[in-house]
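Below: a set of structures, written as structure tokens.
Each of the next two complexes has chain A plus one more chain, namely chain B in the first and chain C in the second.
== the complex of A and B ==
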């Protein structure tokens, strides 16, 4: 963005100065061309994922239809894998897995981060704050992959071990940011006013303070979404990832045994589709930050 | 003397952290972890055999006692023998740690240095096309999975489908040229993955510093770019930079080398950890988690001392 257009935009926003943070952010986001393209791309992936939920396509991902490593053809758009399964269907179905992992982890870890961060911030300096900070420090100091492995062991190979481990570790950044913001917010007059009319403290935290951190939560959720999808790949490679399903991580893990023998279809298509979604989400997240955080550089 | 006192206080302050990390990992990994009894027994074991193996593994002791044993292992740095190979965990770590350091260090240093340089260039040309190009590349870099990078780099540089310049697997290092042959591709992969994140982070830090009054004044006096960036900007933004570098050390050393070493077949700590994860080799996992926690506390301490070194205004209390 050239400095002239920044200036122009700033004046537009200044003119619309009485609007809320959200309407300003929406306005800014609408005019962020890269952000809108990225958002459209994320939506396209979303439709691709929803299609598998409604059974429109790619539900035959586990069916054995062809031979070993069939090349690309009209029947197998992306070729077939070692078992003769259609790589196109597997790639598309993996989009759904990615959204499942990403959404579950993003929503839950954002919720936990918001609650713990807000409570720690509101009671900053007390033992509650100390406890939350200690928990965050502990979770941050356990090597992530070992933690996932440990949770997977403890949950006896349950399909959700990976999700639990990610939620348990990914809330910490959100929690830290929310805590910092809440320490600032609780000095504000609206909090003092709420206290003065005798609202219970928990109500102040949940009804008045947390809604004022939504801009942080939204951005953090998109960041965690991306982190979850990327971690899933590594975890699948380590044998700790998605169970009873297909994901880009599992395709890439399969590919590690295949590329040496010259079978590239699993690798190429899983990589491309995953790169597309992660890239689009990263850009969407950037545009959100631009729109929501006035201090972002 | 002041520093010594400070260090002692910090280490004591780190004890709750170490207790927490070891407790959680012990609970998950050992107490709720897989039961190894029957893997170590032959077919049709007698009740006494089962009993003796369980005693050997410590399963017959109460929870708290087993946890205290673990803590004693960390304090004395003696983690017993590996379940799968029977070798002493200490000698495994002693053998593999130098290899891991040799593999990860060049990539770690270069990744941070290059990130800083790119960030300085981008921030200096803020909003220009250079800035946009660098930031564009860094978003692309951030969007490619580590595993994809590793697979692709091995294909391009180490296989007959690509250039085939380097060995694809293993670690046969007896001389400097061997070292360079084996370390180049893993290093390039490490740099590639780290560069996107590093550049972005450092750019944000530097842009913040460049907006300050003293930089504007220096610019107004016509300070040449290199001097301005080094003296006015870089030196003043050292605190967040040090924080990032220091705190990535414990995790990069463990997690970063996990994938690299497994994929390139390098016998370092990462490979040992991977094998321990897949085989449920608890003594090794306990050692790695415990040592990482200790490393974290030491990192916290060294970081605080470094703050003082780069900025005398920071007080040690």
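== the complex of A and C ==
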């Protein structure tokens, strides 16, 4: 190979590097103002949650130190609840609960969805594909909240019953999307080339195909994150959620008695914080989806 | 074609609307008492009606031998199906009851000609025997277990109704004799309970399992329909004529005149043609149903909503706009809420090591001192509950007003000193698993308890919550002694302190009613002595000594009797007290239709 042709190839690689899906998506995302605002908000919530993990703030959420339904004051920024606990501390600590549930469920369900979806897609038409499709069909045919409530109910002794229930149902959508993408990808030349040089099939799936579905996984993970937070709130409201902690769902459940009696602080602050995070994450997810959409990129 | 479809749709809509209207009968001109209860009954068979909600319907569909006077407080017995109070032999073992003659079951296809036959002594015997027949799935057999001669043996021999029970004899159609194994002064009280409802054998045999939702009794009402959301009772047209003697019922003008109760004097109940009972478990929905006029009366006002309706809590008064529309009564419930230690748990209860046993005693006493009853009362019962020491509730005649209140005083420094003296440190304190059924309120109780314990130096991470799916699940855990602390409310079955004292009687240990497995030979001996005594100073003295033993052993954190606040539409002439036997006041309810 001549030096000229080597130089030309290097230039092409450099141009390709700048023009890759990821760099274009990053560029596009950075210029999406709403997306950036949403991302900043999500980060702010993340810092808030992290602060409770490191014990910087809100770790007195369970402490009884005020009167019954104390109003908003310098001591109680959001007032106090029936037990005299600080609603501000409980609201902030609930962010940690939301992130814990959201992250665990998003990561696990994305992982399971990616693996099962990719395997089903790669072996589409085989018994493996049939089995995965059957499993997804079964799980999808059960009304979502009924299933989640049933699993959470059955596992009430465990602190992770709610997580298991959500992961068991949320992976199916990711799995379906990944399966479709893999069916498309496996026709591509790079897969044929990998097969031609004799790479093991699982290596092809995990090393070459799944990385090409990351844009789907990323978007799907953000969607699952939001769904998990909302489900946690509903399950906690029903008494099936967090066991030994506090969450916005628990606060809203407490508020059912309080609102009728004219005490709104639990209701307002839990709703506002949950609304803020869900809204921000939805917008972030939309922006990410736009940025990573190959048709738009 | 389009026009045809349109007409078809219109026709269907009209048909649906017509069907819908058909479900609501025309009640014009009828007196209808609409009441909302906080739970629905699951069963209307007296053998299985174990809840106050079932009893609302059972004691109205069925007769019991005795009842409580409508207005007299403390509660006083009065004959119902019985002619008078029983005659009792000198040894307290033989009770003879005379039944009213001419009382008939309601007309029903289960009877030979569809006409209700007369209620006789044999029906009472059959109804009691059913509790000892496994086929009845009785939940009330405990009331007479080991009490009536021959009844337990009859069960062991196969519950054959052809075989007589030596302790249950019909001397004639209207005379019943019950022979006891040992004196049981509470026997007559047990005959007021829904469990003692008199059923006809024909109905039980004809309807089988359906009998649980198809009552056939001789009570003042007939159950016209029943499901999980609603029950409708209609007046039994053949109910016996028994004019109300207000004075005999305990009428006190100073208390009862405000409710217009004198208007029922001399008239024979029931006074309403129809009772519509809606079962609305959700507190806010139930109270809204009342205030928007769908009901005339709702079960007691839930404590979280007191602020909405009360202008003052001491004394309890309604807000003027509420008082303008509703009557209100309030009293302290006969039962109580309390927490009791599982004495079988070696970490908190009895321990084979005498030294540890002593330390556990100190630990229990410290936890009791750390529990802040005043705060529990203020936060969850709006401060209107009654805090009392021991296990004899303020509503009982045996309540000891002189008893020291040390056991209900929140004393953080005293608790800390007890822990320190017994060598307890945050590091060596045992983990305390706090069991709760899945409910927001129970979670809040747990958080409050954990807060109390934190203040006496019990690390918050050592007060661990364990959540159970249903009340049935946690009840099972209590019965299997799987939790170190049992948090419960006890509603009395009859107005006698024996009903709470038996909660600590050794032989009643779990799975019996003594969930805490308290075992004190001295206590048990006194209980056995008192159990066969008629009410009197000697029995009261024994009761109070037993009460002090439980307090000294720090076996329980007790107690609080909740306030009962009830208000109802002023058009309803009633005194709706549902203590003990649920809706026994229904027959006396009248509607002012002027």
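Criterion: the second predicted complex is superposed on the first by the 271 of 297 C-alpha atoms of A that agree within 3 Å, B and C clash if a C-alpha of one lies under 4 Å from a C-alpha of the other, contacts with A are read in each partner's own complex, and residues count from 1 in each chain.
The definition used in the following text is that a contact is a pair of C-beta atoms (placed from the backbone, for glycine too) under 8 Å apart; a residue touches a chain by one contact, two chains touch by 3 or more.
For clarity, every value in this text was computed on a predicted model and none was experimentally measured.
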Partner chain(s) touched by A:244 [first = chain B, second = chain C, both, neither]: second
First, second, both or neither for A:64, with chain B first and chain C second: second
First (chain B), second (chain C), both or neither touched by A:153: both
Partner chain(s) touched by A:26 [first = chain B, second = chain C, both, neither]: neither
Residue contacts with chain A in the superposition, chain B compared against chain C: B
Partner chain in contact with A:260 - chain B first, chain C second, else both or neither: both
Touching partner for A:77 - first (chain B), second (chain C), both, neither: neither
Contacts of A:85 with chain B and chain C, given as first, second, both or neither: second
Intersection of chain A interface sets (partners chain B, chain C): 153, 239-240, 253, 256, 260, 262
Complex interface listing, chain C residues touching chain A: 283-284, 287, 302, 304-308, 378-380, 438-441, 443-444, 447-448, 450-452, 454-455, 460, 464-469
Contact footprint of chain C on chain A as seen in their complex: 62-64, 68, 82-85, 153, 156-157, 239-240, 243-244, 250, 253-254, 256-258, 260-262
List of chain B residues in touch with chain A within their complex: 16-17, 20-21, 24-25, 27-29, 32-34, 127, 139-140, 142-148, 151-152, 154-155, 159, 161, 168, 203-204, 207-208, 250-251, 254-255, 258-259, 262-263, 273-274, 277-278, 280, 285, 288-289, 292-293, 296
Of all residues in chain A, those that touch chain B in their complex: 1-3, 6, 134-135, 137-139, 141-147, 149-151, 153-154, 230, 233-234, 237-240, 249, 252-253, 255-256, 259-260, 262, 267, 271, 274-275, 278-279, 282-283, 286, 297
